[in-house]
Every structure is written in structure tokens, then in C-alpha cells.
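Two complexes are shown next, each including subunit A; its partner changes from subunit B in the first to subunit C in the second.
Right, the complex of A and B next:
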């Protein structure tokens, strides 16, 4: 959420252009995508805003939405989670196996799934913080370990989900599916967690600048571990939802969805910096919605499925290019192409002194208000 | 193994130092590789025969070449996730455009290199001028390229190219005395590795490493950052093209031939002790990382481990290897941070890496840093800012 950081960044950064909140840019992009999509859909004689179509879009949002919400927390802490597709698959299998078609087993199965995911997330977090392994490699490794377990123990779909649990994926309130409502509730909880809890604020601080965060008296390991645990748990929720939709558990459901890279793309599409420290849950939800609308429009227009990937790739890059052109001075100079170093034509010297100060200052101001509680 | 011998002419001093620093992160991958090869040779003595071993090198060649390309991108501070798709695209292009016509081999090969360079150029220019994170740019390129190739072929790749073209990947110089056959793949790998080592030691290659370490400094030093960064992507796409040419001979045309190559390459590079985020690493170690990874798979094969557990073991190994390197590199960097102003050596392989403990221990710990991992002496401002940079880089 940009609410705690925006006031601090404003006096430091010297920008003449009017500042746009990153969530607002995502919203504008989403509206633009919807308008273009509606025109395209209308051109083939279909109604974009029909109840069925909206229901399709919202359904398409829910699974990726769960994964991307967790991924947002991890990326805010300047880490990554590439193990999510395997956690999704594992969750769907555990859920379907434990339920075994009996409604009485639902609570046990859900608890077991969440506990397993929490353990995986804890392992990820500990490897990242204690063993000092880069998040990219650590979660790639744990993902491979889970993949090895899945490939060795499951030959195909397994288990049986009772009808009562399948209702979660099948019913809806009007045009809004229950699964999307659940996803939005989780998003609300995530946004509240980031904006109103100490750990949530610490995540911004640690992701923005770990050194400054530590010197401000934050235990830097804890927010990262919690972010990884929460990310695995939301991936497990996505797995539960997929199990409820499919009626069985599947060892390939996560990898087929490509949830690792797509969730990262959705998070970045939602205006969160890949290098951590800035971003918001609602931006991520907007990014997921953009994906869902683009996919839906292509489905309605019966675009060749291979060409869909081409369009997806172009949309991701183009959308992020639009954001970054407005967010130059928000990025830490050492990371990525946003540094003043690679921008001789646009800002010869103007943004450089302020750029390093901005994230450090905002990170510090995030934490100073609460550091006495932490100490 | 070949990695070390190939560089021998140009780097005798480094090889001598390597023996001493095999336990340091720089040398750890070579130690790992030797251990793995010895274990394979124990399990299956015929592996140590020159003919068998050269076959192993031939099998590793495409992965090692991709890893060499990925090394330049990673050491420059970026990612290239599009390499697997470039490999696939080149394989499919070769299969579809060359067909059985020998006369088309040369023009199509030229076209493939131009296409590879173009992909890299697009990646690099978008990263440099539109300021999109490379992770996203190359992810988009990966989706778009693979989708485009599959759309072009209708989802099913057709026909292998002419046999004389495939000869590059599967043939070789025959009837040699000791090794019986010297595959062209091995020759290509040796050339690529030699070029990479030479290039990395040129001023331009050093600028790439400096760019990954601190882009602002490089700009103040007068380099054209956008061109340096773009060239790393061009290099990686070109290396993926070479790997594609080898693979089309070795494995044939298939739309999934390059799948997962980007992650394999990144794993190999990281296994070679190259720091994600840029600025640290050696290209030969990156190639050795590819060899170690493939040796690990071979070992699991010979040891009778079910192939489904290969991934799990790979996951454990890369976490452990990087954890080992990360903890040691930290200690080493701390040592170097104290040493650099005095030593003032542009080539950073000599003294500080060998014995971190001896350098950090005499200085008293600083009280204001509670984390036990970072307790080290830091005289005042300059080294502390330097360390701040290094530490954040590790978390990126």
C-alpha cells in the first residue's frame, strides 16, 4: 500500500510531472483494457458485459488471484517464490486424498493442507533468511524437491472431493462466483495486514532497504519468513479451490497453470516493484484482472491458443513499460534499468541525488513510528 | 574438467591459485565437479575411458554454452528467461527452413544468428530504454517467442533439417587415436568458452562485471551503459542460437526441446558461484556449473535413483551449494572490503579470497550491528556503504 510511503517520498523526489499513485495507474490500465476489450468483443457481435461473460472473467481471476496475493507479500520483501505451482498441486492432492469423498473430512483436510503449506513456506523463509540463499534459487530448489515428491508418488489424478466442497468452486452470488468473493476477502485481509499491522509495515521496510531496516531496530528475518509462509498458504488456498473445481487432486494442475511466472507477472503488472519495498495488494488484484480480461477477450474472439501467448507476452511487457516510465525515481538506483545511470537522455543528473534517498527515507519513516513497539 | 584444461594456455596463474582455493566459493564448483566425476567413475569405471568421457562432454555442451551466455547477463545484473524459447525457436527454424536442401544451410544459419541477435537486441533495448525489469521483459519474450513458434508450426514441428546440418550436433572428427571421435559439439564448446574467457578479460567484458556491481559508477566512468547492457542480452541470445544448432543435431526438432533451459542455465551459473544481482563471478566457473549439474544427473542415473527423484536431489544440491557459497562469500567480501583500498588490484582473485577468517578476526566487532552474521570490523563510512550494497544485492 502506498499510503504509508507516499507522504515521505513526496518532499524528497523532485518531480514536475503530476504524481500518480501506482494503484491508480493499474486501475486506469484496467479500465483501458476493459474498454478496448469491450469494443473488440462487440466487433464480433458479443456482449462483453453480459452476466455470463463477467462470471467467466471473475472465475478466471480467482485462482491466479490467490497465488498473486501471496506472491505480492514475498516480492514486497525483495524475495521471490517460484515454488507456488508445486505447492498448488500438492495442496490439491492432499485435500482430495484426505477428503476421500466424505464431507465429514473437509475440516481435517483443509487444516492439513494449510499446515503443510505453512511448513513449506517456513522452510522457504528459513532458507532465504538463515542460509542466505537468494529467494530465486531457494524457492526454485524447494519447488524441485516438491516436484520430485509429486512425480514419485502420484501417477495421475488422485482422491475424491465431496460435492459439498465442490460447491465452493461451482456456485456464486448473482454473476459473482463464491471463489472470487473468497479471493477478494483474502485480498482485503492482506491489504489490512500490510497497512495496519507491525509485521506488514516491516515488510515494506525490509524490502525497501534491509540495512536501514535493521539499523532501525527491525528483526529483518521475521517479515521475510512470514511473507513466505503466507505466500505458501495462499498458494494452498488456490490448490484447494482447484481441487474443488476439478473434483480430484492433480499433480500437474499447478505447473499447467504456470502460476510461478504468471503470478510474478501479475504482481509486477499491479505496480509492485520487483526489487521490493513498494507495491500494493489492490494493484496486484488489478493486474490479475487485466490478465483475466485479456484472456477472456481472446477466448471470445477465438484467437489461436498459441497466438494467445504472444499477446500475453506483449501485454505484460507493454503494461509494465507504461508503469515504469512513471515510476522512475521510485526505484533504487543500483537495481535494474531504472537507475539514472542508464538514462542519459531523460534525466541528466537531475534525479540522481534524490533517487537513493527516496527508498531509504520512506523505509525509515515506515518504521520509526513503530520502532518503539518493536524494541 | 574440460573447462579447466581449455583455459590452461591463457590462465596458468589462475589454475595454480585454483588448487589452493578449491574450498572457496570460486573453487567450490570445481571441487564439486571433481567429486561427482570421481563418484561416477567409481560406480561405472567405463565412464573414465576417454571415449565415454568425451561423449559426456558432448552431452553437456549445449547446456554449458547456454550457461556461458546466461553468465554475461547475470553478471551484468539482469536475468534472461527467454533463452529456452530462443533455443526452441532456432531448432524449429532450422527444421522448417533448411529442410533437406543442403544449399540452404549457410543462408539459414546466417538468418538464425541474425534472428538471435535481434531477439537479444529487443530484450536489451526494452530493458535499457523502457526500464522494464529484465525478469519481465524476458518472461514476455519467452511467452511471445514460444507462442509465435508454435503458431507458425501449428503446434507440431515438422521434419528434421538436412543431415549435413545435423552433423554439427551429432558428428565429429572420426578415427582419432585415443578418444576415437572428437564431436563437433566439444569443439564448438571449446571455441565458445575460449571466446568467452577472452571476452570477459577484455575491457568490455570487465565493464559488464562493473555494470552488474554498480551501474552508477560505470556511467561516471564513461561507459555507455545501455550498449553494455544490451550487448549482454545479444550475447545470451547468440549463445542460445549456438546451443540450438547443436541440439537440432543431437536431439532433433521438437517444440519442447528448449523447455526449462533458462532455469537450468541460471542454476548452472549460480552453482558456479556467480552472484545473482551481478558483479561477481567467473565465466569458467559458470560453465563448470553446467558440467556439475549434468554430472549430478549422470551420477543419479548410474546410482539407480528413480528419475522422478532427480528433481528433488537437484533442488537439495542447488540450495546447499548456494547456501555454502553465500555464507562464505559474505565472509570473503567482508575481508575484501577491508583489503581493497590498500590492495588496489583490479583483478580480484588473488589474496583476499583465500583466507577470510584471518582477515576479519583481528578487528573488533562493531556493537551497532546485532546480527551475528555481519559482526565484523568496519572502520567508518566508506566500507559500511560498500557492505550495504553487497548485502542488499544478495537479497534481490
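Right, the complex of A and C next:
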């Protein structure tokens, strides 16, 4: 029973806790929502799991899914992107205008849309990192600029999307729409990017603690800029999808969807920390799915549209309340239930009857105190 | 040079004959015209554990930060492995083989151990981060240190402070460092964890790594170090083998003056009166079985290691984490302190440990800060206190450009005086002070001590936490020592450092001390 061996017993408990923390809660919540939804839908004599209904839910997921995937990256870096609805609208217009009803124009139009979005994202990232403007304000600003451009140049829908491109939004494999598959492929790519590339890893670092990241030799601006670029690009993908569904470009399609706040809500609902440094793409996809299921159940039940927003609001607040309550265990109790004092004695020389495992309790105050003493 | 070769060197020749791995010479540094290092230098040899000691403000941290590349030197040379070096970033120094374990943790709590160890230099395979090799190498490094309880894929958030400290050291090791600097590595550790750190440091030294070890705990310095360098006021006092020094001599060199000159005596007419704060078997989740009597006019020092429950005790008295057991009396009346607001109303003040995070609104003015308690709790007295404020600030010798200046632009000492002004306005009967002189200069320290003496004369009872034993000894009428969440001993005034330390580390076996035996029995029964 020597002191170094004392921690050896803990990893098992640790693993369990870690898995419980992340996407699992979102998964459980999603299943719960589906079960409750299915029961409610059944109570009015309809089948929640009918192919048609599943297609509706998945269709409802895809546009918000694209936006929220990009938003996840930005929020992981402890920034925000409020310009997404305007990027969505602008993208639908550029796509529809350039395609002008001719399938031969599709590649050029798509490339132009993605390039425009990348430039907007680059601008967002540079403003945040180089001008040190808070992401909230920076993207509010660029969003307003795009809005001004849209308002003064477009009075209504514009352009024409060829039939071939409209197929993307209209067809599917069985009950699964192509658009949802595309969204999941992007999600997979995003998750892979976060887990397996240095830039992805560094996004967690700059979002978690920029000072630590910098002291570890990370160029802290890069992950943030790349996150903003990718976020604008996924918003552009959402715009392309909407253009495909509508057949035209629309200057208001993004704002009508409320993709700025809804995407942030979905990200947070998916367990990503709004202050950055922790989260996952799959959590976000789960968050988007929860929204889609709740929306679907409410429309099947023909719930009053105002009540819909009330329910959405409750879902968001409740979810975040659950997450924060899980983060409040800032120190480990030394005495009483759950305390470390019940562990076997570990102090070899002192012969004291008890030597609690660690002063983990003082971690928070210690680190702040120490950094101050250092300043 | 590989680690094996170094180890061969280290075991071969006696320390003094080994080729130095790092030579710093004549380092100078000024900040804003104030010279904080006057030509300091030292030599590190492979396998050497070199203690760097000195009071707060002696220049230890600045010296380390220059070596690490955090600060640039104004003058002097640094030779690492025979080559002149000038680092501009800690990462650059680490790649050259000089790693630093800073006082504050540089870890990401939400990332795994392996991800933290390789942060910024993740190993790549076919362009992608190679998690497996990252975790394997982390496991190997941990094994080299003899640690088997930390999983490379565990989130750092789930580790204890000691385990996090180990991760910091592994991070330093992962660059194959020949020199590792450690700034107060035991500051956050419990005593049995300190042993673990000792073992790691010794193992590193055996492998030929040179270690520069900064600590305030002199016992550690003597336990671990081969050589000791003493700094005082930014200048080198002495460098020499640890065997040629003892604690008294070391303290004399560090302080350079007798302690008594530093701490003012009690003011004439100070009278120890009725008990103002009484605790009987008080406890909550963080402290247990605390018996304490604090009388009017009395200053009781609270000693103990970090993490021993000192701050938690004050927070319980102040109602932040209320006592759930036992009894608490204030001026003879039993109270259940359930919130800070209640405590303030009852005449209790808490000078927090971290004045920047918990004591001050940094971007607000001196006046706004000084009036904070009054405005929020005793709003009716705001006008009166505001009128008195200039006088109060003058009497506390706050040097600011008036009450409108933002406190963030004040020195640490002046900031602390603003904190004190804020609480004195509430005319408290019990003042809890948590590290009241941390990070402030000597002049401001003496001002704080004088203020405490004046309050004592006015009948205020004070409970003062301090990690600096001379301060505890110099100011206290009695000394309570905390250990593992309990008041392990109560010592008379002017107890010596060794007695306090042994009580704080739980090794006290002296007959004249009040160690509660019933408590220990209860523990065994459980």
C-alpha cells in the first residue's frame, strides 16, 4: 500500500465517467425524445416510424445540420458565427443566378459559392484573430454587411436552379434523403478532422485555453481562422441545398430559418461548451436531431406555432442547465459521502489514520492564487 | 547527447568534475526601469539537483523565465551544452533541451493526458495525428518515472492535482530535456504526494538530467538538492553544496535581517478580550472537527500546507461553504452562517487569497472598489463612507492618482490596501485574512502588518492564513496548524518553524501539543 500505487485503482471509474460525459448524454436524450415523441404521435393515431415521417425528420435535419457542424468548429475555438444566415441566403442567390437554369453551369456555380463563402469566413477569422474583435461582434458586423448587400441588390427571389440540381434536395435512398446523407458525410469529415489533424486538435487547445496553446508553441490564430472558413463553407452548403429545394435563390431564406441562433442552440444542446475547448460534431448532430424530432412531433400533433417556440426554448434551457449542473463539482469533498477520506490510508511515514488522496479540492483556488503570485 | 550517455557521465565522475550542461552568467533584467536581477549566474551539471531559494521578489521566477525564454535578458550569457543560446519562446528552449515546469499549470483540462503531453507537436503519420504512438510514448514516459496509475487517454480534468503535476513533468520530459526547471512543484501537493515527486526528481537526476528546483519549503531543498543558490533582492548571495548549509544559515542568507525588524510589535494598550468567534467541532465537506477560539484583539495565525483546508476553513466561517456540523458562535451568539451576505452583516470580513479574481473589480475605480461592500450590504452608510474615503486611503498609504483610477493600474500592494479599505468600511469585528501579503512588496507588507496591529488594538479579532512561516510566527498570538482538513495542532506564539512544519506535515509527535485524540479514534473506527 505505497503511495504511488494508490491512483492505480481509479482508471476504471474514470473511464466510465468520461463516456457518460460526452455524446452519450445527447444520445440518451435523443432516444428519450424519440420514445416520448413516438408515444405522443401514436396517441393521435399516427405512426412516428412510418417511412414518410422519418423522411420528414431527416429532411428537417439536413440544412440546420450543415450550419451547425461549421458552428461547432467555431464554438470549439471559443468564437461564434452570427453571419451564417446571411451566408446561407447569399449562397442560394449566387448559386441560382450563376446556374441560370443550365445544368452545364452547376460546377462553376458551386465553386463560386464555396469560394465566396471561404472569403467571408477568412474575413471573419482575420477580424477575430488579427483585429482582436470578439467573434460575436465581428460576425454580427460581417453579417450586417452581407445583409445590406442583399437588401439593396435583391428585391425577391432570383435566378433559376436547373432540374438536375434540384434532384439533390428531392431524392433519396429509401426514406433517407440525399441531402441528409451529404450532411452526415460532412459530419464524418468534420469529426475526422477534429480527431486526426493537428489543426483540429489545436482547435480544442485554443478554445480551451489560448495561453496554454500559445505556450505550447501553437500558432493560435490559425485554428480560429480555419474554423471560421469552414463554418462559412458549411453555411454555403446549406445555402446550396436550400437553392436546390426552392429552385431559386432567396435573400431571406437564411434569416427565415433563424440559422444563427438555432445552430448555436443545436451545438450547445449537443454538449459543446459555449466557452470553447470541449465538444463534438456527433453531439451537434444529436442536438440537431433532437430539434428535428421535437419539431416533427409538434407538427404532427398540430401544435400551435407559438407553443412550438415555447417548447424549443424549454428544451434548450433544460439541456444547458443539465450540462452545467454536471460541471459544478469543482472540488472533491474531503469528509462525508463521496469523500476521498474513505480511501485506504496512503501516507507511508506519518502513521496518521487517514490521509485523503489529494487536495483536489483546492485546485481551483490554488491555480488562480498561484498565477497571481506570479504576476 | 543521449540520456544513456548522460547517465553514464552522471554516475561516473563526482558532481563538481562533470562537464556543465548549463552555464548562466551575469544575467540582468529590468522591468520599467526597476532592476530585478543584478548579474545573477549559476552552473548546472548533469545529474545535479540545484536548489534556487530566496524570498518572494528575490528574482527566482524572473531568473527561470529568462532561462526558459519567457523574458528576454538585458545582459549576460547563457550556454546550454556548450553553445550560446538566447531563447525567445519557451517552446524554443524546450526543443533545445531546456524544459520548464511553470508554477501555474499549463494543461488543458478537457483533453487527454497524451494530448496534453504532445500539445503543439503531435506526432504525425501520413499527415494525420498518430494517437496510438502519442499514447504509447506517454505510457513509456510515465513508466520511466515509475508511475502506473495515470492512463494516457484519461482526461486531465479527472486527475488529482498531484497527477496533473506529473503530467506537467512528463510534458517536459517528452522533449528529451537535459535541463528541467521546476518552479514550486510541490506548492499544490499534499505531503504524501510530495514523496512521489521526490522520487521522480531523484530518478531524473539519476538519468543525468540537471534540475533547477525552486521552492519555498526549505525542508525540500535540503532533502533533494546537491547545490543551493541563494538570491536576495535580485542579486546572488551564495552558491554552494547543500551539505555545507543548515536551515538557520540558509534563512539568514535569504532574509539578511532578523525577523523581528520586519514585524511590528503589538501596539501599546492592546488588550485580549472576550471571545468573538468560537468554533466547536465545526465541519463540512472540506474541513472537520475544528475547535477554535478567537478573542477580541487577537491575531491567530493559520499555518498548513496548500490543500490542507485552510482556505476552506475561512470560507466556511464566512458562509460560502457553510458548516454542516458542530457549533459556531459569534460574540457569544450561536449562528449558522449560510451566506457571505449574512457574514458581512454579522461583522465578518474575508480578505481573499486571490485579490484579482475574488477581491477586486479590476476595471473599476479605486472608489468603486472601496465602496463595494458598503453599497451592497450597508447602503445607507454609502454617503458617509464616501466622504471618509480619501482619509482612509491616505491612512492606508494607498498611492494612486485619486479615487477615480482603475485598480488594475495599481501595484499589488496598493491593490491589497484597496481590498482592506473595502472591508474596513464595514467596521468588522472578525477579519479573516487569506494570504494577506501574497505578491506584494516589503513596504506594503509592513503597512499591512501595522494595520493589523492597529485593528487588534481596536478590539478586532483576526484569523490569518499564511504560507510564509516567518509571517505566521512574527504576527500571531497563537498558531493553529491545519493538516488534511483538520486543525491538527494549536501552538503558542513564537513557535519555531520546525515545530509548525512538522504539525503541518502530520509528523508532529511532541507532547505539549493539543492533538485531538478522540478525532483520530473516530477515524480508525470508520
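In the analysis below, the second predicted complex is superposed on the first by the 307 of 375 C-alpha atoms of A that agree within 3 Å, B and C clash if a C-alpha of one lies under 4 Å from a C-alpha of the other, contacts with A are read in each partner's own complex, and residues count from 1 in each chain.
What we mean here is this: a contact is a pair of C-beta atoms (placed from the backbone, for glycine too) under 8 Å apart; a residue touches a chain by one contact, two chains touch by 3 or more.
Because the structure is a prediction, the values reported are computed rather than measured.
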item	value
Touched partner set for A:196, first subunit B, second subunit C, both or neither	second
Contacts of A:244 with subunit B and subunit C, given as first, second, both or neither	neither
Which superposed partner A:278 touches (first subunit B, second subunit C, both, neither)	second
Contacts of A:179 with subunit B and subunit C, given as first, second, both or neither	neither
Subunit B versus subunit C as contact partner of A:209, first or second or both or neither	both
First, second, both or neither for A:268, with subunit B first and subunit C second	first
Contact residues of subunit A, present in both the subunit B and the subunit C interface	209, 211, 215, 333-336, 339, 341-342, 352
Contacting residues of subunit A [partner subunit B, same complex]	78-79, 127-128, 131-138, 140-145, 147-149, 151-152, 209-211, 214-215, 220, 261, 264-265, 268, 274-276, 304, 306-314, 316-317, 320-321, 324-325, 328, 332-344, 352
Residue numbers on subunit B that touch subunit A, as the complex places them	77-78, 81, 126-128, 130-137, 139-148, 150-151, 155, 214-216, 218-219, 225-226, 229, 263, 266-267, 270, 276-277, 306, 308-316, 318-319, 322-323, 326-327, 330, 368-371, 373, 388-389, 391-396
Sites on subunit C touched by subunit A in the complex	56, 61, 89-91, 102-111, 115, 119-122, 124, 127-129, 131, 146-151, 154-155, 158, 160-164, 184, 187-193, 195-196, 199, 283-288, 306-309, 311-312, 324, 353-358, 412, 435, 438-439, 484-485, 505-507, 520, 523-524, 526
Complex contacts: residues of subunit A adjacent to subunit C	3-11, 14-15, 17-18, 195-198, 200-202, 204-205, 208-209, 211-213, 215-218, 273, 277-278, 331, 333-336, 339, 341-342, 346-350, 352-363, 365-375
